[in-house]
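What follows is a set of structures for review.
In the two complexes that follow, chain A is the common piece, with chain B as its partner first and chain C second.
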Partner chain A sequence: MYAWTGKLLRLDMTNHVATIEDNKYAKDYLGGMALANRVMYDEVPAGTGPQDDASKIVLAAGTLAGTGVPCSGRTTVALMSPFGTKPLIADAHMGGNMAPNMKFAGYDAIIVEGKSETPVWVKIEDDKISFEDASDVWGKGTKETTQILNDKAGKEFTVCCIGPAGENLINDAVIINSMSHAAGCGAGSVFGSKKLKAIVIHGTKSVKIAQPAKMLQLQHYQNADLIGANNNHVQPANQQSWNEFVAPTRWQGGPGKEWGEGIGGPVDTGEQKPGDINAVGMRNNTINFFIGNDDVTYKHTIKNTGCHSCPIRCYPALKIDALEPYGTQYNQATCMTMMRAGDWWGSENIQNFNPDLPFGECLLALCSHMEWVMDDLGIWCGYGDLDYVFSYCMKNDVFKQKLSEEEYNSIPWDKRAAGDPEFINDILHRIAYAEGEFGRVMGMGSLHTAEAWELPDSFWNEATGIYFMFKKGFIRHHSSESFGQVGGLINICFNRDPMCHTHQNCLGNGLPYDIRKAILEEKFGEGCADNSADYSPMNPNKAKFAKWAVVRDNLHDTLALCNWVWPMIFSPLKERGYKGDLALEAKMMTAATGEEYTEESLDAYAEKVMHLQRAMTALELGSNNLRKDHDDCVSDWVFDREPDQAAFTPGTTKLDREDWQKALDEFYEAWGWDVATGIPTRATLEKFGLADVADDLEKNGLLPA
Partner chain B sequence: MPRKKKTETPAPEEKEQAPIPQEEQPEIELTPEERAAQAKERLCQAMAAAIRDAAKKGKYMKLTEISEVLEADKTFALELLDEMMALPDYEDLRMYKSSKDRYYYSYPTIANNYVRGCALAEEGNLEGIIAEVVRYESKRYPRATIIDTFTRFPYHYTKEQVKSMLAVMEGKKEYGDIQTYTSQKGNLYIFSTNSLTPQYAKALVEIGEDVKQWF
Partner chain C sequence: MRIEGQPELCLLLRVERDAPFCVHSTVTKQQFTRGNKTMSKVSIFDKEMTRRRFLELTGKGAAGLAASSSLLSLFHLTEAEAESGAVSIIATAEGVLVSNAARCTGCSRCEMNCSLLNDGKVMPFVSRVKVTRNLYHGTDGKTGGLFGNFEYAPDTCHQCEDPACLKACPMNAIYVRESDGVRVIDREKCIGCGACQAACPFHMATVDPEEKKSTKCVLCGYCAQECPCGALTVAKWEDVAAAMNA
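Here is the complex of A and B:
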């Protein structure tokens, strides 16, 4: 068998029994998201809570994990999300080294079920699986846990563990592998409910490739001709000798941009011409993209790190001496994780960290420290959900209102004002350990926090650019700020923030709008892609673009490829007209498996899992009208921002309510969902081999007529 | 006893003639015009090779440099370059003319905008640089230009210098389209109303600076 291992590993946490079984899902679901969602559908009854006895969590490697395909290090984690009004199916994802090691050990997926009475960690070395006593690591942070378990098992093992947040069943808890690659959406609390401290895995087998020479050629083609930097950013932020365009992209490298803490001395990242595959790893510096005040991040960069089999290396490894007193001077992180100091300390207090340092140094230090502590405690930020809740509560004196005077005064607000890193140590500790009212409520996720503290509807409706969906408990990622209706429609599909970059990557990749527009219109038709803040009314081609963006996102989570880098819509090469290759996934699947895939046939698997997840959502909500109960719940700011300006005029990203209804109609039609209810029809479900799911919906009175 | 069949002697194989090295070829009598044309062709090839080699190293060549390398008169080199760049064999070669020099480069190995930027920087006319870059970016991307653009390669001015120049430009009719906007984060942007309305420029700036948009 090529690409797949053909096996699943089932961990019975109740009885401490591991079972290896045949992977019956490979042919019809491939792997990753599709496989994991089908397992959840088959084995976890609708209505099961994430921490219930019947709950399971599925860690699924993609078909291409372990094949060496660029950016194939991701693991999809399917679970019941705790963030909504009812438990709903959702996927989390993490990079790092987990999925490839699963494949090398011989497994396409790991299914975790049941609950252990005592804390354990599971050691997996090929076919040898053992449940080990975790009492000596239970209670420890993820960094110390990883070190201890690597010492016990061997440094070649990948440790995927939880911190105190997961142990204490906080909703905002992650599982984290290789020290800093996390899967959120409550995955940590599911592990914690099963008393599973860690999975520690190493494999010595190989993943077989059907056409190795072809695979190598395709990988070289991708690295030489197609790949840019993170987020498919294909033009640098600095003028080099070869690039026509310069834009604020994640491609931050260039002559004079030095890794200031490089081993052996500063390392000049130099020119990174397309075609020079050895320079691909010098291009990115995601943190400098966000905290680039006079290139302060470069000054503290040791090198770029990242996931297995990824040439992009989007995690700068940092050394910040000012954090040595706090024990956090070494860190590695990327994007969102490094932007939160302003929310927590307050922008006005950042400089107080050290008045003798430039502002950018203070900002970087506080952001990095906070990220280190969050990772160690195993706390999930919800991509800004937790940050917004905190900053809202600060601004509106919610803490003063909801905490007892004693508890409120016990919080070291003076350290906050002083820009002291120890402020965040205290605050995050309370969240990870659910201490006091503050800790109990803050880690619940925005919907439950808002309910617990009776926050007004304005918390959602005025959270401009934060919550696209009203009272859903997840932030936008990325919504109407990204191609208007296209981004908005993408946000209604899932039960968490979509983490869809297929469309977002088309927005700020460095190329002028006319070039991006032409390439997108070639695929989806005229009018599919508006320019930033210059939107037009809805049309069917926008629905095509939105649907394809979701399908490709799902495909990447199925294969599993990093949707921050894939698909190759654009290329850095002017000789190609900056056009990428959207059939590359199919070409690589063909080379890996030996079976013939086309762009269309491969996308069909990804479309299938959306229909499945949609049906599962209907069953879990008990809703025969997802349009009303799930989708058409958009926050007011989406339509009411910039009140002096009309929608569809240059200078605003606001949408129009009536136009939004048309957008839903056309989107549902594109999917084959009933327009009135937004639920897949029987015809659509049967077309994708989901007749049994249609029967299930019908049995429950939820199938559209 | 049967007669032995006479073995036929195979015909000698026609050996393929090896090409005669050029230096051994009999000298063909060239006319003066033909000799001149040959010399000119060799000079063109040498110039093209020099420009292409420079491109591989990420560089362009100025007319001054080319004429020095070839030990040729600048005017002669210019005429020859103009002539050869019209020929299909040299269609990758391009030229950018500034007030100070001519810049020759091989495209697409070297970017048009790279050469233009370097040439503008060498001209050192900050007023002209601001106007050209801002009008270009407002039209091409479209976007407003952050002031930091002029502090980086290839320009390397200080923000104070740029701000001072903007104050000078404000009073000049020919720069009536050049306007500024300070973002909510306090960054100064410059844009041209030839291509962007103030409202649209402002929206693009604020969207671009909203970091949560970009993770």
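Here is the complex of A and C:
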């Protein structure tokens, strides 16, 4: 068998039994998200809570994991989300090294079910699986846990573990591997409820490739001609000898941009001419993109790191000597994870970390320290959900109102004012251990926190750009700030923050709007892609773009590829007219598996899983009208921001309520969902081989007429 | 400085950062163009002489390379990197392997490219460059790696002049290829007994359990060609000679 291993590993946590089964899902679901969702549909009854006995969690590698395809290191983790009013199917995603090593050990997916009475870690070495006593690592942070388990199993094993947050069943808990690659959405507490401390895995097997020479050629072609930097950013932020455009992108590298803490001395990232494969990994510095005051991040960068097989290396590894007293001197992180200091210490206190240092140094230090501690405790930020809750509660004196005087005074607010890193150690410890009213409520996720502390509707509506969906318990990623209705619509598809970057990669990637517009319009038609803050009313081509953004995202979570680099919409090569290759996923799949795939045939698998997840959502909500119960709950700020301006005039990203209804109509039409209810019709479900799911909806009175 | 066997056998120049002989120069903003390497031919070439000159030059460490900008360029090194402790240079019978911990970013593409090219499948276990074993906790399993100070790099085959793997093989399946001096395995003769694997002091030769044949580096250079950060360089002695004569 090519590409697939053909096997699933089932871990029965109750009886400590491991079973290797044939992977019956490979042909019809490929892997990753599609496989994991089908397993959940088949095996976990609607209404099951994430920590119930009947709950399961599926870690699914993609068909392309372990094939060498660039950016194929991700694992899709399907589970029941605890963040809504009812438990709903959701996917978490984890980079690092897990999925490829699952394949090398011989498994396309790992299904975890049941509950252990005592804490265990599971060791997987090819076909040898054992349930090991975890009493000496239970309670430990993820980093110490990894060291201990690597000592026991072998230093080449990939350790995927939880920290105290997962052990203590906090909703905001992750499973994490390779220092900081985490799957959120409550994955940590599902593991914790099963008393599963870690999966420790190593494989000596091969992933077979049908057309090895073709595969090598395709990978070389992608790395030479197509790939840019993180987020499909295809032009650098500085002028090199070759680039036509310069724009503030994540492609921060260039001559004179040095990894200041390089091993043995500074490493100049130099030129990164497209075609020079040996320089692709020198392009990116995601943190310098965000915290780039005088290139402060570059000053502290040791090197880049990132996920297995990815040439982009979007995680700067940092050395910050000022953090040595706190034990957090060495860290790696990317993007959102490094944006926190303002929310938690308050912008006004950041400089107090060290008044003798430039502001950028203080900001970087506090952000990095916090990230280190969060990863060690195994806390999930909800992509900023937790951060916003804290900053809102600070600003509105919620803690003063809701905590006892004694508890409130026990929090070291003086350390917060002093910009002291230890403030966050205290705060995060309370969350990871559910200590006090503060800890009990803060790690629940915004919806439950808002309910517990009776936060007003303004919590959702006030902060523009945070909660696109009203009272749903998840943050936008991304929303109407990204191509207007297109960005808004992706938020209705999932039961968590959408984690969809396909469309977002088309924004701010270094190419001027007219070039991006032309490339997108070639695919979706005129008017599909508005310029930033210059929106126009809804049209069917926008629906096409929005649907394709979601479909490709699902495809990437299925294969699994990184949706922050793929799809190859653009290229850094002027000779190509900056155009990428949207059929590349299909070409890679064909070379890997020996089966013929086209762009359309492959996208169909990804569309299929959306219909499946949509149906599962209807069943889990008991709703025959997802339009009303799930989708049409958009926060007021989306429509009411910039009150002196009308929607669809330059300078505002506001949308229009009536137009939004039209957007829903056209989006549903594009998907083949009933326009009144937003639920897939029988015709659509049957078209994608989901007749049994249509029957299930019908049996429950939820199928559109 | 650790010298494996005789000086011309296999000179491992991986030095510790604080070793007294390790010179940290002030950083020079030396720019160099990176590009795909092309193998050039030189009309007069004496491999042994080239090796001797090279070993003299690098006798005290990779810092010796800093004397020659063409050599630095050949190995994709800056002067600072050459003078740091981060660079491992292995002078083998066929050429020079450089593994640079300063540039290795742990993507594991070398492992996958090696096996895909040489075995027609992706199988890091038999890869002739091995980085996964250093990735999480470094070479010593404690202080380096992702969970330490981020020091890790691929281990590479030393192409030993007097190879332990060759001597251990009961079938004489490992031999020196006449055309280029590369130590290769005759798959017809190999019975996959694992003697080479046990004998290799660098834990590099690996028996492929699926084929029941041993695998070893043949200096194809593909890992280096495709490394996203230029952490690996393979240079044949002809090119070293050309650079030293430049």
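Definition applied: the second predicted complex is superposed on the first by the 705 of 705 C-alpha atoms of A that agree within 3 Å, B and C clash if a C-alpha of one lies under 4 Å from a C-alpha of the other, contacts with A are read in each partner's own complex, and residues count from 1 in each chain.
What we mean here is this: contacts are C-beta pairs under 8 Å (C-beta built on N, C-alpha and C of every residue); 3 or more make two chains touch, one makes a residue touch a chain.
These numbers come from a predicted model, not from an experiment.
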Room on chain A for both chain B and chain C (clash or fit): fit
Touching partner for A:155 - first (chain B), second (chain C), both, neither: second
Partner chain(s) touched by A:255 [first = chain B, second = chain C, both, neither]: both
Partner chain(s) touched by A:508 [first = chain B, second = chain C, both, neither]: first
Chain B versus chain C as contact partner of A:574, first or second or both or neither: first
Angle at chain A between chain B and chain C, C-alpha centres, nearest 10 degrees: 60
Contacts of A:18 with chain B and chain C, given as first, second, both or neither: neither
Partner chain in contact with A:357 - chain B first, chain C second, else both or neither: neither
Touched partner set for A:518, first chain B, second chain C, both or neither: neither
Chain B or chain C, by number of chain A residues touched: C
Which of chain B and chain C A:465 touches, first, second, both or neither: first
Touching partner for A:271 - first (chain B), second (chain C), both, neither: both
After superposition on chain A, the shortest CA separation from chain B to chain C (Å): 6
Chain C-contacting residues of chain A that also contact chain B: 255-256, 271, 273
Complex contacts: residues of chain C adjacent to chain A: 17, 24-25, 27, 29-36, 76, 78, 80-81, 83-87, 101-109, 112-113, 115-117, 119-126, 132-137, 141, 146-151, 209-210, 225-230
Footprint of chain B on chain A - complex, ascending: 231, 238-248, 254-256, 271, 273, 289-290, 335-336, 339, 383-384, 465-466, 477-478, 481-482, 508, 512-513, 531-534, 574-575, 645, 650-653
Complex contact set, residues of chain A against chain C: 66-68, 97, 100, 104, 143, 146-147, 150-151, 155-156, 158-159, 178-179, 203-209, 212, 215-216, 219-220, 223, 255-256, 258-259, 262-268, 270-271, 273, 275-282, 302-313, 317, 319, 330, 332
Partner chain A, residues of chain B touching it in the complex: 55, 58-59, 108-114, 117, 140-143, 146, 152-154, 197, 199-200, 202-204, 207-208, 210-215
